[in-house]
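Here come two complexes built around subunit A, the first alongside subunit B, the second alongside subunit C.
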Partner chain A sequence: MKGKVSESHYAYSVTAARIMQRALLSDADYSLLISAPDAIAALAVLSSKGWKTPADISLIPQMLDDAMQEVWDFLVEFAPDINIFKPFILRNDYHNLKAGLKCSLSELQVDRYFIRPALIPRKLMKEAFFENHFSLLPEPFSTVLKQAYDALSETRDGQLADIIIDRAAIDGMNGAANEVREPLVRHIVDTLCALSNIKIAFRSAMLGKNKDFLNAAIGNCSSLDRNSLIESSAKGFNELFRYLKTTRYAAQVDILKTSPIDFERHFEDRILSSLEPIRFEALGANPLIAFFLFKEAEIKNIRLILAGKLAQSSQEEIRQRLRRIYV
Partner chain B sequence: MAGMTFNPTRMELTRLKKRLTTARRGHKLLKDKRDELMRQFMEAISENKRLRVALEDKIRSANRHMSLARSMIRDEVIATSLLFPKQSMSLTIEEKNIMSVRVPQFTAQFRSSDPGDIYSYGFAFTNAELDDTIASISDIMPDIIRLAELEKSCQLMASEIEKTRRRVNALEHVMIPKYQEAIRFITMKLDESERSAITRLMKVKDMMIEKAITERQNKEKS
Partner chain C sequence: MGFLGIILALTGAALSVTLTCIGSAKGVGMTGEASAPVMIDDPSKFSKLLILQLMPGTQGLYGLVVTVMVMLNIGLLGGSPDLSLTEGLLYFFACMPIAVGGLISALMQARVTVTGVNIVAQKPSESGKAIVSATLVEFYALLCFIASMLMVLNINRLGL
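So, the complex of A and B:
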């Protein structure tokens, strides 16, 4: 276990984050965004709030990507221990692994499939794929990549490669969170992993996937018993709901029954609401973690609003899908 | 008799009459073909319209699901998820003969019979909205194939109807009247020749009678 950075070391970075946090969108800003007649008008609202908005709506994904990268660059510069954020970023690296693998086997340009921010530099990732030299990547990425590569080249089954990498991502996030001595990180990452596992179990039950699939796909997390989840999912919905009722996610089972999308939103809201009391703490890593997750949720919300505007969704539909942010 | 040259002979008349009979029979057959093609075409376009309206609704719904999925998952994640499809489809094209129009018939074969194989991605970092998008796109595939089949059939039938209509019109308004006119002309010519031959014969007869009378009178005088 790595040594914990003293709480007082965070004073400067927390102050810097507090300043950044003031720029987060408020409820009133969200109302303005939602009531904007179209995406262009919504971009104008964002621009008035200090966002670097593009002139062309096709560049919206790029704008959101840049915003997330900016947050990461800020944390790299100011956070005394960047490792506490590693569990949250790891899944981007695992995504890049999937993208690189699939692109290298279909001879596509990988750049447009990579996402930022990531721990493994893009250049190294491309080199590993370009030269088919997976050992250039650090462990456990190279081992996982080798397994996924073998599976994909042998079966041409994209889902099989995905579940190998996703499982490694869940286990990797958990492992990275356990290395960090921040209970908040462990709690949040565990909740995120539980969400991923429940999503796998639910959708597998819906499609009647067998135990082998579930064994390969479901990762470890301390708030769920992996074997019970696999067993119950393999038996179908009723059994899965019965098992989930015995876990700490019992309250969300009814939401899952009616809408898996609402369930996901509820889960994320739950994580964000757990950050509410700690965001004004002056010392320690917690306010930084809260800032990072709030910013991530804000970017998600903006993506949702702009996509809704582009798809001409009603204001009510957009509002229903927004994540709660406490500013 | 513009556009037609012929000898006004009895042989030509017989030949033209035969051609007129053939043209009338062809005209009737082509008219029947056109009517039947028209009936089949009307059926096909009404099904085409119904299918197209239903399909456009389904495509709208699939696009809506896609935009919802895109609002919650990054574009790069969606694009990567769909890079290696598990399911694949091949089309067998056969032909069906409708009034000598060879229209295509598509039969789709899927690599896997498992309906769950339309999802080519892991479930951990994607969401149910993406599943709904894929399911709705997959659901419209049989309709798209049927619509392609119908649209091609309609195109081919429309082109054949147009050709047949032109042939029917050509026979009805050009060929048959021309033959009729030619027959009438030849008949008139032949009648005229017959009349002139009779007149000539009558004249010759009159001349011969006159000659005979003159000879008899000369004989009586001498």
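So, the complex of A and C:
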């Protein structure tokens, strides 16, 4: 574990983040976006708020990808210790691992599915896939990829490959968070890992998966007892809900029963709302972590709104899917 | 004996200026660092930021004044320095309020001024409140300064 950077070293970066925060979309901005008649009109609203919007709607994913990369570049330049963000970025690397693996075995264009920011450069990831040279990737990615590739090529079971990578992602994020001396990072990563584990346990209970499957799929996180989660999930929904009622996530169990999508949104909102008091802090890593996560949520919201507009969803449907906002 | 007394008095005087200047340098530096992005974003906020940046700097000045007063009183800046051990000890302790209080208040004030910079960045119209908050911390540095000054100026009256 590396030493914690003194909070006074964050004076510059926190103020710089505050200035960038002013550009975050407000309630009124979201209302304008949601009430826009179509995606083009929504892009015009974004453009008026300083977003670099594309002329072609097919470039929307690129716009959102660039926006997140911009935030990452800012943090790399100004954050005194960029390692505190590593657990969050690892998620993207594992996502890219999954996307690359599937694209390498199909005709799909991998560039469309890779997301940024990521620890592994896109070029290196593509080389590793298309030259079948997994050892080009750093550990543990090369080992995980080899395992997932073998599973996919031998069994043609995409779910098995996904499980291997998802499990590695949970353990990787947890491991990276434990190396960071920021309690907030540990807390958030633990909550995110718990969310992933609960989602896996819920789907497994729905599909009647056995303990062996669950043992391979469910990762470690300190807020859930792994063995109890596996045992209860293997026994079905009722047992799973009963176990979850004994955890700190008891309040969300009823939402999980009715809608797993709402459950995920509620979970993420819970993380974001826990960050709100941090907006008044002027020193330390916490305001930067909050800024990063709120910017990520904003980009996710814009993605949902634009996807909703393209799918001609109603305003109410779009509004229900949105994450909490930070203004 | 006179020599030991002077050493003690000068140690107090040195601590008085050194500790307060450490606190002030740290405070002014932190506030300056925090101010830089705001000035890049909007240079017209420079005057508001300058006031905030200067505030943790005053403790260093208080420390220096106390140091000079000690040196004058013990005759180091003119006259013949002759001090008993007790007098030296008294000067040493007289310097402590501003030395310790100045250091801590400068660091604490810096936290308030950095927060103030954030206020200027987000709501420039509220910058007056940020300055008032920082002034409240200044009050305690001032109390330490007054305490040290009163003690330093009155040690001679003890007739030791």
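What we mean here is this: the second predicted complex is superposed on the first by the 322 of 327 C-alpha atoms of A that agree within 3 Å, B and C clash if a C-alpha of one lies under 4 Å from a C-alpha of the other, contacts with A are read in each partner's own complex, and residues count from 1 in each chain.
Everything that follows uses one rule, which is that a residue touches a chain if its C-beta (ideal position, glycine included) is under 8 Å from a C-beta of that chain, and two chains touch if they have at least 3 such contacts.
Please read these numbers as outputs of a predicted model, since none were measured by experiment.
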> Overlaying on subunit A: subunit B and subunit C, fit or clash?
Replying inline: fit
> Which of the two partners, first being subunit B and second being subunit C, lies in contact with A:Ser204: first, second, both, or neither?
Replying inline: first
> Counting only touches as set out at the top, which of subunit B and subunit C does A:Ala282 meet: first, second, both, neither?
Replying inline: second
>> For the superposed arrangement, I'd like the angle with vertex at the C-alpha centre of subunit A and ends at subunit B and subunit C, nearest 10 degrees.
In response: 160
>> Which partner chains sit in contact with A:Phe130 here, subunit B, subunit C, both or neither? Use first/second/both/neither.
In response: neither
> Does the superposition put A:Asp166 against subunit B (first), subunit C (second), both, or neither?
Replying inline: first
>> With both complexes superposed on chain A, which partner does A:Thr15 reach: first (subunit B), second (subunit C), both or neither?
In response: second
> Touch check for A:Tyr113: first (subunit B), second (subunit C), both, or neither?
Replying inline: first
> subunit B or subunit C: which reaches more residues on subunit A?
Replying inline: B
>> With the superposition applied, I'd like the minimum CA-CA separation between subunit B and subunit C in Å.
In response: 31
> Which positions of subunit A touch subunit C when the two form their complex?
Replying inline: 8, 11-12, 14-16, 18-19, 21-22, 280, 282-283
> In their shared complex, at which residues does subunit C touch subunit A?
Replying inline: 26, 30-31, 33-38, 41, 110-111, 114-115, 117-118, 121-122
> Along subunit B, where are the residues that touch subunit A in the complex?
Replying inline: 63-64, 67-68, 70-72, 74-77, 79-81, 83-86, 115-116, 119-125, 127-129, 131
> Okay, in this complex, where on subunit A does subunit B touch?
Replying inline: 61, 64-65, 91, 95, 98-99, 102-103, 105-106, 108, 112-115, 152, 156-159, 161-163, 165-167, 169-170, 196-197, 199-200, 203-204, 207-209, 217, 219, 260-261, 264, 300, 303-304, 306-308, 310-311, 313, 321
